[in-house]
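Per-chain numbering from 1; labels A, B, C, D and E assigned in written order.
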Amino acid sequence: MSTSIIILIVLLVGAVGGYAAYQRGRQLRIERGMRPHSRPIYHASYVLSWAWVPSLLLLGTWLIASPILNEIQIRNAFPEDAVAEAGLTDDLAYGIVESIGVGLRSLPEDERDQIDEDTPIEDALPLFRQYGVAIASASQDWMLPLAIESNIWSTVSRWAMTIVVVLFAAGGAFYGYRNIRTRLRARNKVEKVVNVTLIVASSIAIMTTVGIVFSMLFESADFFSRVSAWEFFFGTTWEPRFSAAGSGGETGQFGLIPLLAGTLYIGAVAMAVAVPIGLFAAIYMAEYADNRTRSVAKPLLEVLAGIPTIVYGFFALVTVGPFFRDLSAQISGLLTGNYSAFIQAQSVLTAGCVMGIMLIPFVSSLSDDIITSVPRSLRDGSLGLGATRSETVKRVILPAALPGIVSALLLTASRAIGETMIVVLAAGVAANLTINPFEAMTTITVKIVQQLTGDLEFTSPQTLVAFALGITLFVITLCLNVYALYIVRKYKEQYE
Amino acid sequence: MTDATANDISDRSEATRGRRDIGIKRRYAAERRFKAYGMIAIGLGIAFLFILLWSVVSKGYTAFWQTEIRVPITFSEEVIGTAEEGAANQSKLMMANYPQLARDGLIQLLEIDPENSEAVSAANGLVSQGVRMELRDMVLNDLQVIGTTEDVWLYASSDLDSALKGSYDLSVEESRRPISDLQLEFIERLEEMGALEQNFNWGLFTFGASSRAETAGVGVAIIGSAYMMLIVLALALPIGVAASIYLEEFAPKNRFTDLIEVNINNLAAVPSIVFGILGLAVFINWFGLPRSAALVGGLVLTLMTLPTIIIATRAALRAVPPSIRWAALGLGASKTQTVFQHVLPLAAPGILTGTIIGLAQALGETAPLLLIGMVAFVADYPETPLDAATALPVQIYMWANEAERAFQERTSGAIMILLGFLALMNLTAIFLRRRFERRW
Amino acid sequence: QSSEAVQVAGSSTVLPYAQIIAENYGETFPDYPTPVVESGGSSAGLKQFCQGVGPETIDIANSSRQIRDLEVQACNDAGVNEISEIKFGYDGIVFASAASGESFALTPEMVYKAMGAQVPQDGEMGENSFSSWSDVDPSLPDQEISAFIPASNHGTREVFEEKLMLQGCEDSGAMQVMMDGGMDEDAVEDACMQVRNDGAIGEISGDYTETLARIDANPQAVGVFGLAFYEQNQDKLQVATVNDVTPTAEAIATGEYPVSRPLFFYVKRAHLGVVPGLQEYVQFFLSEQMTGEGSPTVEYGLVPLSADERQTQMDQFESGETVTVSG
Amino acid sequence: MDMSRATFEKGPAVSQDKTIKMASKDVTVHYGQKQALNGISLDIKERQVTALIGPSGCGKSTYLRCLNRMNDTIDTAKVDGKILLDGENIYDPDLDVVELRARVGMVFQKPNPFPKSIWENVAYGPKIHGLAKNKDQLEEIVHTSLKRAGLYKEVKDRLDEPGTGLSGGQQQRLCIARAIAVSPEVILMDEPCSALDPIATATVEELIDELKQNFTIVIVTHSMQQAARVSQVTAMFHLGDLAEVGATEKMFSNPDDKRTQDYITGRFG
Amino acid sequence: MDMSRATFEKGPAVSQDKTIKMASKDVTVHYGQKQALNGISLDIKERQVTALIGPSGCGKSTYLRCLNRMNDTIDTAKVDGKILLDGENIYDPDLDVVELRARVGMVFQKPNPFPKSIWENVAYGPKIHGLAKNKDQLEEIVHTSLKRAGLYKEVKDRLDEPGTGLSGGQQQRLCIARAIAVSPEVILMDEPCSALDPIATATVEELIDELKQNFTIVIVTHSMQQAARVSQVTAMFHLGDLAEVGATEKMFSNPDDKRTQDYITGRFG
């Protein structure tokens, strides 16, 4: 029986149990004449939870465990020398066995019956092909019985699973139903289930973090075993060399500082563009604009967040960068008579500005929502004292909305740090260390992507450094976030 | 007392003199400035948007038209074999030399000497290499066409198409452009005959990836993106909202929840490609999910979008005044009921914003897909989320890197399609926001 | 089911060719699904290739450089023991400038002098102070030096450094000056490959489209392109000669034009016979029809192997020759 | 007329035999560092009205909020001591606060209607507690509650308009209607008539009189007259202490405590 | 004692010679479709206290909010008619609301302290209007305002704690302090004593008495006694109409209007 049907049955059992519980719950009230602790709907949900949760958990476990067990079993049954003889690895041999299994299952009943353990594989292959299953030519006679065995195992396992799961569902429903009585705190139990679900949801963030750290840890360790951490963290030159090209095995220099400086600098310029524009736009939409303007302007601005960054990148490259360059040439021409550009076509300024445009909606939309939800009584209080709207906004509403706005800003800053394409096209990839915003710099993220997708040997420090950069960036932003949390805590204002 | 007249009052308007100075002029100036800043900010934002849109649309609108040539095709039995043979042996039909049919048709149409190999290859360069598929499908659909002659609209080659659309500088010497003088002459002749037409380019929406611009489309990418967006929406929204509710409403305020909070904020700052690394390590290498699959892409984007949704949702939840919670709790609503029935609806606009921004970001993201094999040439339509697929931004990225001119307009065309998707999402959001927004 | 399609990953330089082949393969072999060709860089492709053997791993890695020993080692450690290396053509690397501007006739020496960080002046090494091409050599146009070269993560950069900078360093006598100055050989090579860092040279980590866009925005500049890319954009670009040789497919194939690199793909032999259609894909790739003279890939800009060479590659593949760690 | 005497005659005598519905023992409350209640022990008898009086900021609302554990929702608040409802400690971890709050309803000092329609505001409680078997019954509950709170006439045509668009007094009555719609056993009212005109006040006082037949009521009020009119027991708070508690009659005529005396006479003198 | 008489003796006689500070002519207000005020014409004399009374929901707050154009902030509200302040039409487009509101201050029905410290709450108005020349003066204003509102003693040690952490009555006094800190010419008070105990009420009433020496005060109250005690003129609203207006003394002893009569006697009878 297919998994979806099993799930359907479980759902049905739960639904029936839930319905019965619902009726029982209503009955209770009539019988006892006193109000039960929980409403019938909670009795229903209670039974539903009992029917669904254990059985579906079991189903999931089974679905994961059964193929693994099957695989172990089949692999153990491999004739050892035969595998080696055929020049296959265990993995490949198992892959073929699996696809033979698939082939067998896709045959119609009567044709399948003709194949048994002794059928030579050559005879079976054309059949499989006829039914659209291409099987490797490296398949061997001994694989067929294993495939049959594997198929049997999975069939049996499936039936067993079906029965057990459905029993679990029914049992759960029954148990839940029997528990129903006036004093049963069904609501609390159901809410506990909800609560656990919520906890599980929030733990995904933790698991993601763990996953990220682990998926980069080994490579980073590998990197640090080849390049000294001191040089990496405090080096001021970024100049990895090709390990092969005549550099005498030199790997070049991996100084983090120029990248870090570039990241912070470009991010800061981007924030300097996005925050004022976004915040003022949000304030205008929330406090001044009529509803029509707002309902048009807001989604329009949100489109800015969805334009692929490559578009921004080319916009910077083709339009903004040359514009700044020519502008600077004009300015210096007017001032000094020497028409040479002091802004490079690729510069921190260009990247920051263009990225800032992309980030506008992150500030504007989120802040707008938060400002809108500040209760009107606060506005009235301030306006009633004779404050102008702008004074009200600046002195009452923004402070009240501050925690939310800070969250929005943090999110914006985070995006600024994580952006690649715009920086590549607008500020370039040269890792300079400068304080001149008119020159090119680059960011950590750019280098992560670049080192990871280049032509460099993948075992070399040049590639591995991407992982080290990833972890480092992770830790740096972590510190910044801890600091931000501390600041927000300090200035929190709670209304009402 | 109400009989006091207005005159009475105006007589004493002197009293208004010598009023206290509360810096009204200055404050009003500040007010006007402030308001102007707001308008400027919105104006700037929208202006940027339109500049960007303009830069895309002006380059890309031509992608929605495709030149076709009407060629009389003789489905000659010599070339493709008889209908009976074809019915018996499909593979012969499949492998037949269909381009020759097109070539012969062109020779006939343009009245070229078949011996003049230069002219023949010039003529041949006018139609797409995709004719093989186009004609083969015709034959396979209906074996009866074999042996007949029919006028067929064939896709013009991308060089012809681009030349007609003016993307090539035709003033440069012949050897420096992909379209020769002879071909230009042919084009003129075809136009005179009315055998050249520009039609709406449905193929752009339906074709999969192709190395030939004229048969390249975002079909596979749209499917891939749609799968991924559905997965992201189905996972990230509920998980994100659930996590936010827990953290904001239920979680005890302690070190551990601080840790989660910082953690989530931090995840937002993780470069998207790192999520690709994670996806590769966890979903592909560990769970053994297939490469290039929309499912994996969706999962990776889900993880990437979660922080955005959580941060927005938490901010929205926090902004709901506590008196609403007290009111519900005081009536004997449980915490869960309070949150789900009162707080959440009031926070809905904020949640929606987070979702839209998160989805928009996910819809436009390429980098994380790079490592899980979705930046790929995929010609076949995916049937399930487990099949190989690409995504719209990926297709854009790949086309942007193509050398051929025809791909450049298609890049912009694909961006327009992506923005269309985005607009659709935003419209939904506007509609939902209207329903939820409430000031009190 | 496309899960059984041949899975290819790797170099973005090879991608257009692999794409053409995959598409034609799909049309020619309707029994097999069209191969999936991932882009993402040679190194990323090889890394995936060396992940292991089995259904979730890729079958072919495209690469714009030869696999390195350490990588072969890593492959072997992961159980990927039998790898066939197949060279299928060359990628010509050319200098090109805006079609509207002056034309360039370069030599490695000029390139080195214009772009090197340190250049010899009066027998002394000093900061590169040339600001105009005509300062470097009077035969060159009198315009500001501005060039876009591949960033250091690109294989092309390596070729550029070896074939032009190093060569130019030697030709210009800079190498000699430095040797005389008592530097050891490695240090000299390093110094030779160092490009100036004063804004005259822009590094491109993206694709040639980016280079083209930059030249569009700054018509004075010279950029490094692949031959194929240049050929598709001849109306906008004009190519520079190197040592008076105009880069063409023939000149590159014969080795007359010095700056080129071979293109490869690597086949996981363990998957032969396991992944349906893999063998056919390789054969199809090396067929006259696909990578021979006049084939679509060559039309696109591939510098093809000679028929003999292609046959050798084919034979090596059929005979099961594999890559081993050298030395 | 002499207010105090007039009303005492009207109020029924305190019946000493009533059972204790809620009892608090040594309840102290801290808001962060600040102590707001210093060990309050007070019994609240069944089916009668207990009035809490005392100067502003003395802890009346705080005490009231302890009785249905609304202080739980204030992060900084810390409650110690014991409060019994029908002999059960309501601060017992096993106790279900939700059930408690359904049994001990509350009308807040500041009216806080939901930003929903008037109808929904009142129907919410009955809905979540499943008090109505069907739509009609629910309708019935909503209407009766609004009527008893004296709001029905004013809003009957606009039941689907937002509750937040009502006048201050209307909002207050809406909150009263909302609270009684759940029919809690104990009703805590924090200045339910503060925004009400005399007529509406009279309606609410009648309501209280009527409710006390079946329910237990604790009311915070600043109006001595109101305390005198509706309550049987009065507790006087002062700076976080329970200054005095006793039969309303006695409290207003002959208080033991100096502070009560001052407070009451401060008003009348 | 007889409340009504007692207070009337206390209130000073209405002096007919006072100038008119604010005058409204045919003021009507609609909230969306609903009409809340039906053409109110009322003069408010300088340096005296005008009390607005009337049953809940009759439009008192609405009228009050018209006087300093707080209704502007409600999207659905539409005000017609004319309101003059010192002879100027305050709904004149040329007039600026900010100055108007600085001159006509308001204390809202529901206390709405800012989520800032107590000190900041009071200092807010003077700061934005630049009323204090220096820090000391500001400090001075804050302290005096708090003292006059009768809150100072309770909060003097916690001026830097949030105003939202105060008890209901404390918040109300904070809002009064905040309003008088700006020293407006006219002060509108919407039930300023609703959450106050008698002592605090007395303080506020004293404050009003004192303020009326220099300022004009309009107060909405539900307490007849309070109206009688503090006001010189009383206006009775009913269902959006101005039922009657007159000297407080007369209103409470011998009202002309049937509705006024009913309302007043409904309370005392």
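Here, a contact is a pair of C-beta atoms (placed from the backbone, for glycine too) under 8 Å apart; a residue touches a chain by one contact, two chains touch by 3 or more.
Quick caveat, the model's predicted, so the values are computed rather than measured.
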Using the contact definition stated above, find the chains touching both chain B and chain D.
A, E
Whose C-alpha centre lies nearest the centre of all protein C-alpha atoms?
A
Chain pair that, of all pairs, has the most C-beta pairs in contact:
A-B
Once you find the CA centre of chain A and the CA centre of chain D, what distance in Å lies between them?
50
Calculate how many whole Å lie between the centre of chain A and the centre of chain B, each centre taken as the average of the chain's C-alpha atoms.
19
Rounded to the nearest Å, the gap separating the Cα centres of chain A and chain C is 34
Provide the C-alpha centroid distance between chain D and chain E, rounded to the nearest whole angstrom.
28
Chain B: which residues touch two or more other chains?
22, 27-28, 31, 322-323, 334-335, 346, 370-371, 400, 440
Please set out, as single numbers or ranges, the residues of chain D touching at least two other chains.
98-99, 110, 128-129
Residue numbers in chain C touching 2 or more other chains?
40, 44, 206
Can you give me every chain pair that touches, using the contact definition above?
A-B, A-C, A-D, A-E, B-C, B-D, B-E, D-E
Which residues of chain E touch chain B in the complex?
19-20, 23, 25, 41-43, 45, 84, 86-88, 96, 98-99, 102-103, 128-131, 233, 245-246
For chain C, which residues are in contact with chain B within the complex?
1-3, 5, 7, 9, 12, 15-16, 18-20, 22-23, 26-28, 30, 33-34, 36-40, 44, 48, 51, 56, 58, 99, 206-209, 228-229, 231-236, 296, 300-301
Chain D partner contacts - residues on chain B that touch it in the complex:
253, 322-335, 337, 341-342, 346, 438, 440
Within their complex, chain D touches chain E through residues 1-3, 31, 34, 53-57, 61-62, 76, 109-111, 154, 158, 165-170, 173, 190-191, 194-202, 222, 224, 263, 266-267
Under the stated contact criterion, what part of chain D meets chain A in this complex?
96, 98-99, 128-131
